[in-house]
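Paired with chain B in one complex and with chain C in the other, chain A is shared by the two complexes that follow.
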Partner chain A sequence: MHRDARRTLGGDPWFVTGAALALLLGLLVVAGPFFAVHDPHDMSFRPLSAPSTEHWLGTNDGGMDILSELLHGIRNTVVFGLVTGMIALVVGVLIGLVCAWFGGVTDHALMRFSDILLAVPSVMILILVAAFFRPSPLVLSLVLAGLSWPTTAKAIRAQALVVKKSVHVVAARQMGASGAYIITRHLMPELFPLYLIGFAAKARMAMFMEASLSFLGLFDPSRKSLGMMISYALKYYYLDIWWNWLIPPILCLTLLIMAVTFLAVSLEKVFDPRLKEAL
Partner chain B sequence: MKHSQRNSRHRQYIVAYLLAALVMMYVSYSVPRWLPGDFVTAMYSSSHVTLNAEQEADLRAYYTQRQGFGRYLVDFFTLNWGYSYAFLTPISELIREALPWTLLLLGTAHLLSMVVGFLAGVEAAWRRGRVIEKAGVGSMTVLEGFPEIGTAVILLLVFALHLGWFPAAGGETAYVEQSFGRWALDVTHHLALPLLTLLLAYFPGNFLLTRGSMVMVLKEHFIETARAKGLPSLRIRYAHAARNALLPMVTRFGLRIAFMVTGALVVETIYAYPGLGTLLFNAIAMRDLPLIQGIVLLSSLMVLFVNLALEFVYGWIDPRVKHAS
Partner chain C sequence: MNVTIDQWSVTYRVNDHALLALDEVGLRLVPGSITALVGESGSGKTTLGKSLMGLLPEYAQVKGHIKLDEQEMAGASEEGWNAVRWSEVAMLFQNGPANLNPVHRVLDQVAEPLIQHGRRSKAEATAEAEKALARMKIDSSQARRFPHELSGGEIQRTLLAMTLIMDPGVLILDEPTGALDAITKAFVSRIILDTRDQGTAVLLITHDLDLARNMADNVAMLYLGQVMETLPAKDLLTNPLHPYTLALGRSYPSMETLRDLGGIRGDAFYRITHRHSEKNGGVRPHTHVIGTEPSHENGHLHPKGCLFQPRCTQSIGPCCEKAVQLQDVGSHRVRCLRGGIAMQLELMQVSKRYGDFTALGTTDMTLQAGEIFCLVGETGSGKTTLGMIAAGTLSPDQGNRMLEGRDMDRWIRQDYRSLAGKIGVVYQNPAEAVSHRLSVFDIVAEPLKIQKRFREKGEMRQRVLRALTDVHLSTDTSFLGRYPHELNMGALQRVCIARALVSGPSMVVADEPTSSLDPSVQAKVLKMILDLQIEKGLTVLFITHDLGVARKIGDRMGVMLAGRLVEVGPTVRVMGRPAHPYTGLLIAGARGETIAAVKPPGGSNSRGCPFADRCERAREICFSRFPEMGGVEETRHLVRCHFPMG
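Let's turn to the complex of A and B:
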């Protein structure tokens, strides 16, 4: 199944496009700081100067190099998305497996709890926490992950129940395999495609939220972010800075969201057993 | 058996929404209490305003008058939501002014994108494999990748600032006395760009979801039976198939709400539309904590209410749920 999946993924144009875009942006994230010759917080340059060989994208109203800001901004958005996606995935997988394995009261209680979390609009809690406590981005990503694990947990639980009843797992149990053995050797590896789906969907949501909330001014203003750059640049739209200050962060953000969307859509299409037919 | 299961799922979700509403109220009630110090220090420690001892004591008295959660709930339901510092106005009044604009914008956007997205999705699934369907799926997937910040700023730059076809801010032309017809036209003119942005954001999801589930439904045996009976294709498509393709729209709506609400906030802010989103943005910028709290709580409850209403609509449309109850 996994080998087939690799072949199907490689043949899916959405996956190829998404992966290529993600690779490009990943390169920017990793190598970005080496290109950023200036410190993005350095305010010693002439404000609002046009692009030059010194500042490829010019400088902003505070005399900061826009290219360096941009490279650090992408990095912050991507890291926020990946960290949130990772935490939500780990929590979701653990809870999903616990529910499927133990069943009974544990399962029932955790699933009803996740129904409630699913109904709570996570943006609103995030806004409340960000506005009141001004926490670090890590705390915000923890909060977001803590609110968004239920979808993954439900998907994992449903599929784990199927695997648990499948013939080879029953056989393994009859041969005396322990619970720990079945969970680590059968359940966890066989659910791997669901991890990818869950991770891509969560990372996409987290990046979108980070950009939007930083646009609204809910993150530390000294932390560079694509959303914040757009919000600052928009105030100077009348100065003809749109092509060097406003469009670059918009372009980067759009490419980023597009890359993760394509990956998420294609992973879901290829791996979700229910959607396979709808290809 | 299947019916009662479906029915209990229905009941479970309704209970979950009610509990979620209670959780939101409790969080909103207790967040200020978790702050080190209190509302007054939180508001003024980082602002330029200096208070004398008497003012501080008065403010503190005002903010600590609410004792328990019960009292908070009573205040909430009697619209006694406190006082905004930045606007020096009761919060309930600010929200009452902003709410109709948000309802107009979001209501129109959701209604249009759902109805049109659903119809387009059903038609696309019916024409599966043809060029037009493939083109639709492709362009909608691309559109799904555009964040609202990007589309909003670009539409604003091109159509409002460069071409000047649409106003760049506000919900109506201020200080003008005009007849109702002209006023309605003016409001529509202001609504056009934010609405278009939201439609571009909401439509693809509805279209793709409906198409996906419709493709599955069309494979069912009862569709074959309907075809064999020689029913007209329009009747098969809508009376038989489309009803059953509705479930994902309802179940996924709750999951997509995070995106939708965040997007709406950003869009309102970019177009300076006078709704709750812009009010929240201003409240954040001025660190008006009571106002933020009020808007957040009210919008969360509205989101929950919409979810709950959809759950009922779904039960009403889907024959399996209806007959079970």
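Let's turn to the complex of A and C:
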């Protein structure tokens, strides 16, 4: 990491905003269950009650505490996004590096496979899988990651091919460096910005996908999520509950995605100093 | 008159100390030829001259033989010497005015030898002296002056007249032109050549390499009282075989060389043998050096090894232990365990093709240890391909490569890392040649890490710091932690040079190392490369399209055209008298002359000369046949052309 990264980051509004949001949301994710004084599945309260000191955001039609629902929902969405993003990133980087390094038949086969995956509408597949198999969130996360690695892999492969031919790699080879050395010391660090971009894009996409699927009611209904809350809240739009039931999950989802995007952009700028001028 | 000097040793002995001034010197002076004795001061040149005149001081102990024709002069009495001095053997001493008596007119002094030898009466002698002085362009009024009334040049001519007055068979000239201006020097040189042509055997003692090269037939290189090399004078600057001759040639501001001045690392010593007095415990006499170097424990010279070894950049272990004798190498005689300047790299019949495109036609190239070889040529002429084949990063399709006498391809297969440690590579654009995610320290340490040279971190750090010091960069912690984008190009290129040097290579391949630098930075970097080359004795393959740079730093150069070397030779020859029309075109272009109608290089795959369709001298044969390399006047200057330029 570059020495002056911390200083530069501190002065970057993108990073400050993103980090503040991420911190806030992170706090909610980690400490959420402590704030949520009620069990989100407890249906014993009076349905559709307005916010009060007992229920800060009131209760929903099933008599559940909205705040507790919200906190659990954020948590589920974030975890799903991060896990999916991480899996997609690891798979994408591995496949991208393998393609770039070995080339030839391996490269060709993997790239054609990734083309097929790119051509397949992943939302449809996901909806079908979710609807027919009712899998656990982890399995769904794996399926989503398995469908979304190709863009990362292609970006990594393209950049790795460039770096592989770059003079400093040629120089390292001349010094007698092994393939493992070049991959770990030259290729992988050089591709760092791509990891961030890839991870952020996938995590964002996964969070959005999770919200969508739950909005469509394709997740286990007992699993609290932001999408599901929005979907339920919409049914009662004619009641005067939109501000305490509908807005909070929408706002949370928006902030969540904003935080991830802001952080990715600012880190990218800092870790690749040559991007500084471009951005 | 023939002079044979055989196994001649002179020791100046004072008390317990003895200075070994000459060590078994063997030399022959032949009538009608000039032998130059060249060496740094303190090498024993003057002692040898004085030996031939019987003028050594009393405390000089001699061994060996000096024969004038068949007459043995070693151990001759003063009378014996007097009989031959001036009449048979005459010497022109250095420090002109000091050799004349200030209270006598110069004419009388010039006449003196004739009178002393009783050959002439005073009047006859004076008349003869006046004639001799007139020949030296000193007229009769000047001849009647006192020495202090004459200029330095006139004094030197007077002395020369005196030396030649008895028409000696052997003439010893000790720095005859040392203090003279160029015109007087030329005049004196003419007289010396005339004297030689009359059948005199001349010993020219000088440190003026141009004088030696232009006047002498043979040259003997003297170092610390030993003859290191005897060679034909024409080879002195362009084809030396002993590292000392090469280094001395580089130190001399010759009109014949273009390269910037180098030097010889370290200092020359005097060899002193001394006997520690009994009470100090030591008794054995042993050789001792003055002007000690830290590498020499207590200033004691290796008693047996090569004298030049401490300053030699190609010395190997046995150089310290084995006595070395002069041995014949071609027309030279060389005192070097390695048989003269070693061969660093030999490329034999290498070639490289990419599909249909011949990047490098069948090419031979050799690099001697410690030389800077510049490869010049147009873009796309295969310079980099040849350079990378030399560096071992690119395998030729055909041909053999030898590095330090070892087969490079086998070496690469067996132990690439040890080979990589022998070769440092510097690339054109320093910003691309380093990973921008590594700090200065990590960049320079990278070869050591890759080659796993050191177990200990501290030792590696020392090596890195030393490499950075070598390239005049800071070694403080904040600099070591800097990243490439924080440095300017000059500093970054020096970091790259430090990286190339850190593993202690014997050869550096530099591919356009200065073409991305601005002129002031380029000057610094070039100067630094020259300094490093002298200090470490690096062999440098310097690839450049800039003939101005090649001219300043190259010992030899090769000109490439369409994947072939078309001309190879000492830089001074190739630049001064290019033999291939293409070289001439390159030089004209570099001079800023506009070139009419640059046609693209025609068929690099055709059978003819690739330059033929751009060449004014081309005739039919040029289009049908590309000639082999051929020598131009000397074997070191080669050209591939049917009609080389004169």
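Everything below uses one rule, namely that the second predicted complex is superposed on the first by the 243 of 279 C-alpha atoms of A that agree within 3 Å, B and C clash if a C-alpha of one lies under 4 Å from a C-alpha of the other, contacts with A are read in each partner's own complex, and residues count from 1 in each chain.
Note that in this section a residue touches a chain if its C-beta (ideal position, glycine included) is under 8 Å from a C-beta of that chain, and two chains touch if they have at least 3 such contacts.
Worth saying up front: this structure is predicted, and the values here are computed from it rather than measured.
Enquirer: According to the stated criteria, A:I230 is in contact with first (chain B), second (chain C), both, or neither; which is it?
Expert: So A:I230 only meets chain B here.
Enquirer: Which partner does A:W149 reach: the first (chain B), the second (chain C), both, or neither?
Expert: A:W149: touches no partner chain.
Enquirer: Applying the document's definition of touch, where does A:F199 land relative to chain B and chain C: first, second, both, or neither?
Expert: neither
Enquirer: Which chain, chain B or chain C, ends up touching more residues of chain A in the combined arrangement?
Expert: Answer, by number of touched residues of chain A: B.
Enquirer: Please indicate which partner A:F219 is in contact with in the superposed arrangement: first for chain B, second for chain C, both, or neither.
Expert: Neither chain B nor chain C is touched by A:F219.
Enquirer: Thinking of the overlay built on chain A, is A:A171 touched by chain B (first), by chain C (second), by both, or by neither?
Expert: Second partner only.
Enquirer: First (chain B), second (chain C), both or neither: which does A:F15 touch?
Expert: So A:F15 meets neither chain B nor chain C here.
Enquirer: Jot down the residues of chain A that show up as touching in both complexes, chain B in one and chain C in the other.
Expert: 274
Enquirer: Can you check the complex and tell me which residues of chain B touch chain A?
Expert: 12-13, 16-17, 19-20, 23-24, 27-28, 31-32, 34-35, 42, 141-142, 144-150, 153-154, 157, 161, 211-213, 215-216, 219, 254-255, 257-259, 261-263, 265-266, 269-270, 280-281, 284-285, 287, 289, 292-293, 296-297, 299-300, 303-304, 307
Enquirer: Could you list, by residue number, the parts of chain A that touch chain B in their complex?
Expert: On the chain A side, the touching residues are 14, 112, 115-125, 127-129, 131-133, 148, 151, 205, 208-209, 211-213, 215-218, 227, 230, 234, 237, 242, 246, 250-251, 253-254, 257-259, 261-262, 265, 274-275, 277-278.
Enquirer: Given the complex with chain A, which residues does chain C contribute to the contact?
Expert: For this pair, the touching residues of chain C are 391-393, 416-417, 419-421, 423, 425, 427, 429, 432-437, 439, 446-447, 450-451, 481, 483, 485, 499, 503.
Enquirer: List the residues on chain A that touch chain C in their complex, please.
Expert: Touching chain C: residues 2-3, 166-168, 170-177, 181, 185-186, 189-190, 192, 273-274 of chain A.
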